[in-house]
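First subunit A sits with subunit B, and in the next complex the same chain sits with subunit C.
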Partner chain A sequence: MRNARPVLAVLAVLLGIWYAACIPMNIQEVLTTAARAGAVVIPETAPERLATSRFVLVAENLDHIGASWSVDRARLPSPEQVLGELWKGIFDQPVTSKRSLVYHGMITLQATLAGLALGLVVGVGLAMAIVYFRVMDLSVMPWAVISQTIPIVALAPMIVVLSNSLGLGERLGIENRLVSKAIIAAYLSFFPVLVGMIKGLRSPDAMQLDLMRTWNATGLQEFSRLRLPASLPFLFASLKVAVAASLVGAIVGELPTGAIEGLGARMLVASQFGQPLLMWASLFAAAIAAGGLILVVGLLQRFVDNRLGVRS
Partner chain B sequence: MTLNDPVIAAQGLDLTFETNDGPVHALRDVSLDIGKGEFVSFIGPSGCGKTTLLRCIAGLEAPTGGSLTVNGMTPEAARRARAYGYVFQAAGLYPWRTIGGNVRLPLEIMGFSKTEQADRVRKTLELVELSGFEKKFPWQLSGGMQQRASIARALSFDADILLMDEPFGALDEIVRDRLNEELLALWRRTGKTIGFVTHSIPEAVYLSTKIVVMSPRPGRITDIIDSPLPRERPLEIRDSREFIEIAHRVREGLRAGHVDE
Partner chain C sequence: MTAILAAIAFWLAAWATNVALSRSRMGAARTLTPAIFGAAILVLWEGIVRGLGVPEVILPPPSVVAVTFIERRDILWTDFVQTILKGAVTGYIMGCGAALVTAVLIDRSPFLTRGLLPVGNFLAALPIVGVAPIMVMWFGFGWQSKAAVVFAMVFFPVLVNAVAGLQASEPMQRDLMRTYGAGYWTTLGRLRIPAAMPFVFNGLKIATTLAVIGAIVAEFFGSPTRGMGFRISTAVGSLALPMVWAQIVVAALSGTAFYGIVVWVESRITFWHPSQRRRA
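So, the complex of A and B:
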C-alpha cells in the first residue's frame, strides 16, 4: 500500500488541475446557459462575452462557476462526466452493441495483439540475423532506425491502400482492415523488440561464449542455452514499450482508414460529430486497455523470473 | 599413444598477435611436456602468456608456430573430443540455472541421458562438497562456493584434463587455502592431469608437481621446476624447508625474467 501513495498523490494533482481547467474552458457555455435562464451575467450579450478573455469572464462571474463541471457538450468535460460516459459505454449496454466501448475495445485489442505478435516475430528474427551476420548489422540496422523517424500518421494510409490492393486479408482469410491495422501496429512495435533483443543476444560475455566452445557446443546449443535465456530480461523490458506502441499503432491505423469500428474510429467519430465526452471516454478506454496489457506483460515477466530464479 | 607419452606436448610454440601497434609476441619458443596425472602450475607476471598458453592447450587460441599436441591430437581436435574441463577466474555460472542445472549444462550439450545426467550431477557436487545445494541459485551461494560449483561443472563430464585459469584469484586468502586443500584432495582421488595458471608463489608451490615459471615480452618459459614435495600435502608443509627452497627458486626465476628486460 505504501507504493500506492506516490501514485495516488500524482493522481490527486492531475485531478486538481483537471477540475481547475474546467472552469475557464467551459465558462462560455456556462454563462450562455445562465443568461438563457434569466440570470445576470457580465457582460450581458453573447458577442460581448465571446470577445472577452475567459479568465476575465471567470473573475467577473464567480457566482456561476459552480455549473462548470456539469455542462452538456462541454469543451472540457469534468472527470466525473468522463467516468459516467465510460461507465455507460462499458456496462450500460451489451458488449455486442455498436455503442459499447468494450465492443470497440476488443476490435482494437485484436489488432494490437496481432500487430504485437507480428512485431515480435519480425523484431526477434531481425535481431537474430543482425547478431549472427555482420552484413545484416551493417545493412539492415540503419534502415530499422530510419523506419522509426517516419511519422506513422503519414505512412498509415499508404499501408492501408497497399495491403488492400494486394488483397493480403483475402489471401490470409482475415478481414482486410485487421491486416492493415496489424501491419501498422507491428511497424511501431518491432523496433523496441529489435533493439532489446540485439542487446540481449549480445549480453553473454566472452568468457561464457568460450565456455560453450570448451564443451564443443553447436551454434544452436549456444543460442538456446546461452544467448536466448540471457536475452529474456531485455525482451521483457522491450515488450512493455512494444505493447504500448502496438496499441498506438492500432488506434492510428483506425483513424485515417475510414474504419467504423475500434477505439480509434470511435475517437474520430466523436471529434467529427462534436462529442468531446465520447472522445474522452474512448481515450480512457484505450488507456485502460494499455494498462491491462502492460499488467499482463508484468505478470508474465514475474512468472518467467520465478522460473529463472531471478533474485527478488 | 603409449602410456609414457606426455598428455600435453609443446615444441617451440610461438604465438604472435597482430595488433594496430604492430605484432605482439605472446608466446615465443615454448617447449614443455606434461605427463599423465601431473599437476602443473604456470606462474609469472601479467602479460607473460600463461593464460594464452592455457588457451592454446584448450584450442581457444591458435599458435602461429611450433607444434602442440593434447592427448596426441591437435588442440582443436582435442577440444572437439571434449578432452578437458576448463575453469575460468570468474565462476561464470548462468544466473538463470540452479547449481545443479549449471553442472548439468555441459552434460546436456554433450547428450548424456537424463538418468546419467542426474547421476553425474549428484556425484560431482558430492566431490566438491556442494551436496544439498543442487536446487539453489548461484546468487544464493558465496564466491568460494560458486567457484566450487564451476569446478564441478568442469569435472562433470569426466575429462582427463582439467585446465584452470586463476580459479581462486578473486577469492580471499582463507577461502583460497581451503579450496587449495580441497583441489589437491580431488586431484589425488581422480588422478586428473591439471594445468593451473596462478600468480601466487605459495599457491603454485603448494599445489604443483611441476612449476613452469614464465616471463613477459615476449612470453617465454624461464624455468621448469619439478617439485620434490610428496603428493600428500598438509597445509603445514608450507613451513617446511623444502617448500621455502622451491618458493625461493620460483622467485629467482621470476626475477631473472625481469632482469632480461
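So, the complex of A and C:
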C-alpha cells in the first residue's frame, strides 16, 4: 500500500489534464451553441471562429468555457459525461438489451476466453514439443517469433473467409463469428504462453532432474511432478499478458469481420454514426474488462499457489 | 491427387532433413532448419490448394499471390508508403521519443515514478487500439490520425520499460559515479541511460508490432483511398483474395523488417550486454 498515494496522485494529474483538455477541444462547439443562444462571442461568425486557433478562442471567450464539460457530441467528452454514459450502458438497461454494454461486453468476453483457451492449448502444446524435441525448437521457434511481427489485423479478414468456407462454426456447433474472433485472439495470446512455458519447463536445474532419475521416475512422472509444477509461476506471469492480448485480439477481430455485436463493433458503430460518448464508454468498458480479467488471473494464481503450498 | 502426394512427399523429405540437421552439430542448422520448414509449408499449401482444386476466392495458392505481388507492386508501394512509412513509422518515432523524454523527466521524482509505474503498467495492458475511432474523429482520415493511434499505442509500453530501465543501475555504480565527482547529468548520460538501454529496447521491440497493428486498424475507421487497411477491406469486399494475401505479405515483410532494424540497432548500441554475446 506504499504506492497508494503516488498512484492516486498520478491518477489525479491525469484527470486534471483531461478536464483541462476539454476546454480547448470543445471550444468550437461551445461557442457555436452560445452564439445560437444569442450570447456575444468573439469572433462573431462561425467561419472566422473555425480559422482561429483554439487557444486564442479560449483566451477571448473566458466566460463561456463553463459549458465545456457538458457539450452534446463533444470532441472530448468530460470524465463525468463518459462515466454517465458508462453507467447508463451498464446499469440502466436490462442485460439482454442490445444497448447494454454488458451484453456487448459478454460477447467480446466470450471470444476472449475462447481465444485464450485455444491460445493456451497451442502455446503449452508447442512449448512441450519445443522443450522435448530439438528439431521443433530449431524449425518452429523462429517462425513463432516471426508470426508475432505479422500484424494480425491484416490476416483477420482471411481468417473469417477461411473459417466461414470450412464451416468451422457449424461443425463445432457455435457461431462462425465467434470462431474467427477466437482464432485471432488465440493468435495474439499463444505467444506469451509459449515463451513463458518454454522458460518454465526448462527451469528445473540439472540437480533436480538428476534427483528424479535417481528415484527412477519415468518421463511422464518427471514431467508431471517436476517440470509442470516448476513452470506454473512462469505460466501465470505470461497468462496476465496473454489475457490482455486476447482481449485486444477479440476487439480487433470484430472490426473487419462485419460484427454487429461486441465492444469492438460498438466502437465501429459509434464512429460511423458520430456518437463520441458511446465510443468513449465502449473504450472504458473494454478497459474495465481487461482490468477484471487480469485481476481474475491474479486471484487464480493465489489460489493455485495456496493449493500447492507455495510460500509468498 | 499427384499434386497432394508430391507436396506431402516434399514435406516428409524436408522434415527428415530437419531431423537430421537438428542431430548434427552444424553451425548452419540454426538458419537452415527454419528456412526448410518455411519452404515445406509453402509447398504443402500450394500442393493442397492445387490438388483439391480449392477456389481462389477461398485460398489462393502462394504462386498466384507471388504473381500478384510482382504485378501490382505500384499499388502495394503506395499503400506501403501511406500506412507504414507515413502512419506507423511517424507515430512510432514520435511516440517513442515522447515516452523516452517523459521517462527522463519523471525519473527525477521518486514519488512520480512510484505512482506512474503501476498506472503505466495497467494502461499498457489495456486495449488501446480502441482509441482509433476517437483519433480518426480528431485528426481526420489522413495519415495523421493513424500516427496518433500509433503514438497512443506505443507510448505506455516504452515509457514503463524506460522508467524501469533508468532504475536498473546499481547503487554501487551510482556511488562510484559520485566518487568521480559526476553530477546528475553526467551520471545520467554516462551510466544510467546506457544501463537502461536493454530495457528501452525491450519496449521499442514490443512497440514495432503495435505500431503496424495500430496503423492498419485505424484505417478500418476511415482512410483516404489508399493504405493497407483500406485495400484489405475493399479487396475482401470484391473477393480479390490474391490482393489481400499480397498485402499480408507486405505487412509481414515490413513488420519483420521493422523489428529486424530495431534488433540490429540494439545489437550495435548494447553490444556490451550479456544477451548480445555471440553463442559459442
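We take it that the second predicted complex is superposed on the first by the 309 of 312 C-alpha atoms of A that agree within 3 Å, B and C clash if a C-alpha of one lies under 4 Å from a C-alpha of the other, contacts with A are read in each partner's own complex, and residues count from 1 in each chain.
We take it that a residue touches a chain if its C-beta (ideal position, glycine included) is under 8 Å from a C-beta of that chain, and two chains touch if they have at least 3 such contacts.
Note that the structure is a prediction, hence the values are computed from the model and not measured.
Touch criterion met: A:L226 reaches subunit B, while subunit C stays clear of it. Of the two partner chains placed around the shared chain by superposition, neither subunit B nor subunit C is touched by A:R36.
With both complexes placed on chain A, subunit A has more residues touched by C than by the other of subunit B and subunit C.
By the touch criterion stated above, A:W280 is placed in contact with subunit C alone, subunit B being left untouched. Contact with subunit C, but none with subunit B, is seen for A:V153 once the two complexes are overlaid on the shared chain.
Of the two partner chains placed around the shared chain by superposition, subunit C is the only one that A:A9 touches, whereas subunit B remains out of contact. Shared interface residues of subunit A, touching subunit B in one complex and subunit C in the other, do not exist.
Listed in rising order, the residues of subunit A touching subunit C in the complex are 2-3, 5-11, 14, 75, 134-135, 137-143, 146, 148-155, 157-158, 161-162, 165, 240-241, 244, 247-248, 251-252, 255-256, 263-264, 267-268, 270-271, 276, 279-280, 282-283, 286-287, 290-291, 294. Those residues of subunit C whose C-beta lies close enough to touch subunit A in the complex are 15, 18-19, 21-23, 29-30, 33-34, 36-38, 57-59, 111-116, 118-119, 122, 125-127, 129-134, 136-138, 208-209, 212-213, 216-217, 220-222, 228-229, 232-233, 236, 241, 244-245, 247-248, 251-252, 255-256, 258-259.
Only residues 207-208, 210-217, 221, 225-226, 229-230, 232, 308-311 of subunit A touch subunit B when the two sit together in their complex.
Those residues of subunit B that touch subunit A in the complex are listed here as 58, 60, 79-82, 84-86, 88, 90, 92, 94-98, 105-106, 108-110, 137, 139, 157.
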